[in-house]
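We just call them A, B, C, D and E in the order they show up, numbering each chain from 1.
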Amino acid sequence: MTASRTMRVIALHVAVLAALFLVQFVLPDYHYLAMTRVMVLAIYAMGYNMLFGYTGLLSLGHAMFFAAGLYGAGMTAYYTDLGVPLAFLIGICCGALLSLIIGLVALRTTGVAFMIVTMMFGQVAYLTITYFTDYTRGEEGLTMPASARNFDFLGLHVDLTNAVLRYNLALALLAITLFVILILVRGPMGRVLIAIRENEPRTLMLGFDTFRTKLGALVVSGTISAMAGAAYGLLFAYIGASFASIQYSIEALLFTLLGGAGTVLGPLLGSILMFYMIDIASEYTAAYLLVTGVALVLLVLFFPKGILGTIRERWLPWLP
Amino acid sequence: MLEISDLDVYHGSSQTLKGMSLTLGKGEVLCLLGRNGAGKTTTLRAIMGLARAQRGSVRLDGAEISTLPAHEVPRRGIGYVPQGRRLFSELTVRENLEIGLMTRRSPRRVLDEALALFPRLQERLGQVSGTLSGGEQQMLATARALCIDPSVILLDEPTEGLMPSMIATIRDVIVTLRDHGKAIVLVEQRVEAVLSVADRVCFVENGRAQATMPVQDLRDDPSLLSRYVGVG
Amino acid sequence: MASVTLLRTKGLSRQFGGLKAVNDVNFAIREGEIRALIGPNGAGKTTFVSLLSGRIAPSAGSIEFLGNDITARPAHKRVRDGIAYTFQITSIYPMLSVFDNVALSAQSALQRSPGAKPAVIAAKAKEALEHVGLSDRLRDRAGTMSYGHQRLLEVAMGLALEPKLLILDEPTQGLSDGEIENFCRLVKEISRSATVLLIEHNMPVVMKLADTITVLNHGEILAEGSPENIRANAAVQAAYLGTG
Amino acid sequence: MAFGPFLLLATLEGLLQAAVLTLTALGLSLVFGVMRVVNVAHGEFYMLGAVFAWWVASMFGMHPAVGFFVALIVSPIIVGAIAFASERLILKRLNYDPESTIVATIGMLYIIQQTTLLTYGPDARPVPAPFYYRIQLPWFGYSGYNLFVIVAAIVMLVAVWFVLSRTRLGLIMRATQFDRETAQAFGIPIERVYAFVFAAGAMLAAIAAVLIVPIRQAHYLMGLDPLLLSFIVVILGGLGSLRGTVVAALLIGLSDGIISVFFSPTLAKMISTLLVALVLVFKPEGLFGAKAR
Amino acid sequence: MSDKTTDKTKEPKSSITRRSTLLGMGAATGAGIISSVSPGFVRYAQAQTSEPIKLGFECHRTGIGASYGRWYERVANAAVKIINDEGGINGRPVQLIVEDDGTDPKRGAEVVEKFATQHKVDAVFGTLFSHVVVGAAPRAGELKMPYLVVSEGTHVSSGSLNRYCFQPGITDVRSQVTSMAPWITKNLGKKVTMIFPDYAFGYDHRDNLPPAIKAQGGQVVEMIAVPPTETSFTRYLPRIPTDTDVLYHIMVGPAVLTFVTELGQFYGSQRPAIFGFIDSVEAVNLATPQLGFLDGTYFWEGMPRYAQKDQSQWDKLYRAAVGVDDNGASKADPKDISTYAHMYGVWETLFTIKQAMQSAGYAGPKDKAKFIEALEAIEKFDEGRDHPQGDKIFNGKNHQAYGHQNISKVNGARMDVVHRTSIEDGMYEVKADYTKMSL
């Protein structure tokens, strides 16, 4: 029974990735680029989902982890000659370190206090970026130099201005993230995370160190989000303070809520749908963020489980 | 005057009342006995509309009240002294009483009558209620319920955590209220306190009324107690 | 029965503001016994076991478990040491399946031997469910079961932890007579592999199960002894029945 | 500028900031205190107050004072009505669950802000002050209207205090705040109280906005700053504490003016936000509030 | 069709860089597949035709640049109308496609992508705010999309962008500042205090004003940076040294009016000479009572808001075309003040695009390189209908135009030009050379 379930789960995810691989041959130019962007954003949302969906901790400051990756990687590529691969790694490490520090402090709170504390830390991160304007160029941001667009890696020449390469790099990162999350949430750690979400005092009294588990979840979540940030900065050659704004934290929440919190594929689905909803709305009105607002209210009122969450509840109980 | 029939109440997915039925006559003191979690407090909360009944009815003088919004129930004349007193502890004694008075726009004399029962409160009207002693708090909680000029009073463990002299006071008050013609539902753990004031006792077990009898029966045969409550 | 002391408290106290919920309690429980803890409402029973399980920290005093001082040990580590606690109010994972509920416990027990295979966890979980008679409900969502079954599930979660000391806080509350019967048999069975500390109001259950009864009143130990002794103790009658 | 006059100016500015902040934060605190709802859309009610003030003022073309004082009445009423409706339509349905209401109010934030953008437009628009009077001090000049705002805020504050502590309405609100269920058992219709409180909180923000809009301008993005500052004030002052809110607003208002002259304003904001986050983690009852019950 | 599809699935595996050759086929068949399956995507999939020339206008419709965006859009429409009435460009009509960037650099970059890949425009123009330009320009370069900004910023002229970025419609800040510094030091005073926004746009002033003043024997005594999100400014004012001769201010965004008002309240009538960039009151009605104190102060204006006595026929014509009266306000609503000092740049940029496309014989995206080279070949613009602000020199190497600047004095509720700089006043040594970059 369990084995067939596992097969079904793996088959589903491989199918999704294969579909993403195959659509690149039919996507029109604009959507090709848009999907590249959406996949990176989906990684960000998937990282967010680790914390919100699986552990039940609602953070309103996740953009700081995305920004940690973005700036960690971007500033390294901009100011040093360490090379893009190393910059990417440094970006991820920045996110891991930041999430560890934030976690040690913020996880002392729960519920609403956790939401507000993370929001405040997020705001501090944003202000920090604007404060060090001399280095970060604040709101204006930095554009990656040519040296960060072309590099040699393991004897291969990589040209990041190449759209095909970018799409497939994003897809590869998405695939890695997808399977890392799949393994984590279907494994023992995932079970404990869900247990914390459902009933934290009980989980503590079952002998689990809930603080450490939550910290672990936050670090994994922050690191994945940072990876998305690092990838975003390097692939699209621009880093700027607006990526650290509260609105960006809320986007992760929105993607996750829409697709289905606590489902592996939910954030991906949510990112795609939301991106296109906003994209289409922006052709008709300058107030395209209205879509965001309406979506949030409708979701929380009528579909608190999101699309995949509802599907799982009604039809596919095996969906991870 | 108060008639409860076949009440089902769920708390989350577990059922706390399973077909609870009770009647209370005018000027009668009915005491609910039973171990923790048997459903005594839930019964009172269901009467007040604070716990929603999935099935069954609560009638006051023949009128259905279980479907009313919770804030309408006290306005029909049911005063409630909750377990643990639940005073508005940062409000003064006077303000606590005023909330009682507001409920049915009771005339001033109701307050005077209530204070006459508890002269100690009279002296402490301006004091913040959270700073009162336990006994005084119980007095206030009772007086607050009296301020709505109720015809039925629900008292949930009024003597819990009080010292003996205070228990006596509370008992005297209950007797006085009974003499004033108020109908009372009393939830008590202390059998001794019950025996002296109650007209009837009702043993509650597993969310329903197990047995109801005149208090005289219990006085005559204390072994009923161990049979129904399972102590000893 | 072996008379090794499993757990011992010395001068254990806990205050909430001015209230002494637990006051200078010296308590010991031997390995293998079934101990009942009784007392009127507000006597401090739940506070006391919360101190034992580490959910709250004592104001003074110490706790020893198997000869080690565990006073400062966090709750989750005590569980790993072998002190399992089942909640007074049913505390399961209502949205998860029955199996997952117990598998969490089994997984926790296996933390002591890391690298356990999922299959081992599953086997242990199923074994515990079998013990309480719920093995036909593996896939049910726990929250949809009857209250009685949820209590059983709670016990199964305690069992799967493979505890040395199992603390049951009012386990029969809300159970029907038939279920209580069944439950008593279960506790007897459990006591063969673990020591049981039982907080209970249902006196027939206590009398039937307990080897020793400890009576708590106003946060202090009022009496301790065999069921017969306690039944005859006038002070207990006074405190508990209010007939003094 | 010499230190003395400079301190005077900073104090005046700080008082102005504190005056507006107190009113705004009080609304947030009231809603949290009574309903346990963290209203992230609070800043948008502030913004709406300013926008409606512009709308009213531009309809009354005669003397600016007429438009202003009409706006002072009309704008909060409209904002209160909008808040009332959104409470009924959204928050009530969520049963005031703390986490869901945060998400919902974030949604409301965008809906209000973007609807304003659609209708009112993206421009910042000025509202004329009811009077223009400049007080010339030996070292610098100061707007008489600013002083009026400070006084008006104090009057409002006293009014709020009076309602809360001396009227039946205030008693009902406080009773609901302390024990929702027992309040119900004494005939208090808590749902109506909640809707009223939510509207009243929004109205306080709107009043603050009407007062400030002749100094700043009405702009659809003006809500975010007061929201963050109000959060800071409410957390420092202790959630749901009136006195704490006033003290914290004064502290933030005065210190912000002074600190940001010696340091960069961004740094000042950074440090204060960080400190507040730490206060929330390590002393959740706030610096001035009572211990949580 | 299935044959083609298998073809395509193979090729990218062997060589991902061959994508460009696939693009046409892929897009065409892809569009066919998608549009036959889902009608909603049809509008994305319009095949390229040889009909109109599409110009993408990246507009600050929302966000802090909104009041500029609205007027820029109005000017762009007016200019396009004239171009189309006169037969379009190379016989093809011009189609204007507007996308809002929210005055946000991230969105700005996305908008450029959208123009390039979805709308498939021939060129993008119109961005004002520097941080958006800096965010979007690299994407324009990588997508090989001509990107003509109207921003004043020095990012184009300093060579920090790429070959596809131009600024032909408006002079950069460095040149503006350089040309005006002599007048300021000579007429207003030598000790200058500057107040500027603490981000990109302000930095152009911060970096260029002090050397320009110094070259005239003056001195910048204090530089006060104000965060762009600031809503109240009084607290910054005490930092102005009392011995300041000239207060030089430049503010942007929704809080500009507050800034000027608070400055007025602070100083009253006893004030130093004040010289500001019109940005501080752009789109703001000077008749607002709080602004009375500005009477007698000076402003830089790219193009004078109030019709001057010696108004040129071109200014008259331009005003009429965009629907602006002699006070710089909308003809439809005298309270609606335009961003007159800047928005001519959009007009001139559009006519520059026309000029370059015509001289390049531009027929479609394949001629983009020719278009770029034609732009770079321009050396000057003559004053006229197409360039109503005045004649300009264009430097093909750093892609920047250099023109005259106006210094206006506030007289009551209007402004009169008191000095017009020569083009030479604003020339500086240009080091950047985009033509060395590959196309």
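One rule holds in what follows: a contact is a pair of C-beta atoms (placed from the backbone, for glycine too) under 8 Å apart; a residue touches a chain by one contact, two chains touch by 3 or more.
Here the structure is a predicted model, which means the values were calculated and not measured.
Q: If you apply the touch rule, which chains end up adjacent to both chain B and chain C?
A: Common contact partners of chain B and chain C, which must touch each of the two, are absent.
Q: On the document's contact criterion, could you list the chains that touch chain A and likewise touch chain E?
A: Under the touch definition, chain A and chain E have D as mutual neighbours.
Q: What is the chain whose Cα centre is as far as it gets from that of chain A?
A: B
Q: In whole angstrom, what separates the CA-based centres of chain A and chain D?
A: 34
Q: Using Cα averages as centroids, what's the distance between chain C and chain D in whole Å?
A: 51
Q: For chain C and chain E, let me know how many angstrom lie between their CA-based centres, rounded off.
A: The answer is 75 Å.
Q: In whole angstrom, how far does the Cα centroid of chain D sit from the Cα centroid of chain E?
A: That pair's centroid distance is 38 Å.
Q: Which positions in chain D are in touch with at least two other chains?
A: 117, 122, 264, 266
Q: Give the residues of chain A touching no fewer than two other chains, as numbers and ranges.
A: 130, 286-288
Q: At which residue positions does chain B touch at least two other chains?
A: Nothing qualifies.
Q: Can you name the residues of chain C that touch chain A in the complex?
A: Residues 53, 55, 74-77, 79-80, 84-85, 87, 91-96, 100, 103-105, 107-109, 111, 118, 121-122, 157, 161 of chain C touch chain A in their complex.
Q: What part of chain D is in contact with chain A in the complex they form?
A: Going by the criterion above, the answer is residues 38, 90, 93-94, 98-100, 102-104, 106-115, 117-118, 122, 224, 228, 231, 235, 264, 266-267, 269-270, 273-274, 276-278, 280-282, 284.
Q: Report the residues of chain D in contact with chain B in the complex, numbered from low to high.
A: Within the complex, chain D contacts chain B at residues 168, 171-172, 174-175, 178-179, 181-191, 293.
Q: Over in the complex, which chain B residues touch chain D? Could you list them?
A: Against chain D, chain B makes touches at 48-50, 69-75, 80, 82, 86, 88-91, 95, 98-100, 102-104, 144, 148.
Q: Provide the residue numbers of chain A that touch chain E in the complex, in ascending order.
A: 22, 24-34, 37, 130, 133, 137-141, 143-144, 149, 159, 161-165, 168, 236-238, 240, 242-243, 282, 286-288
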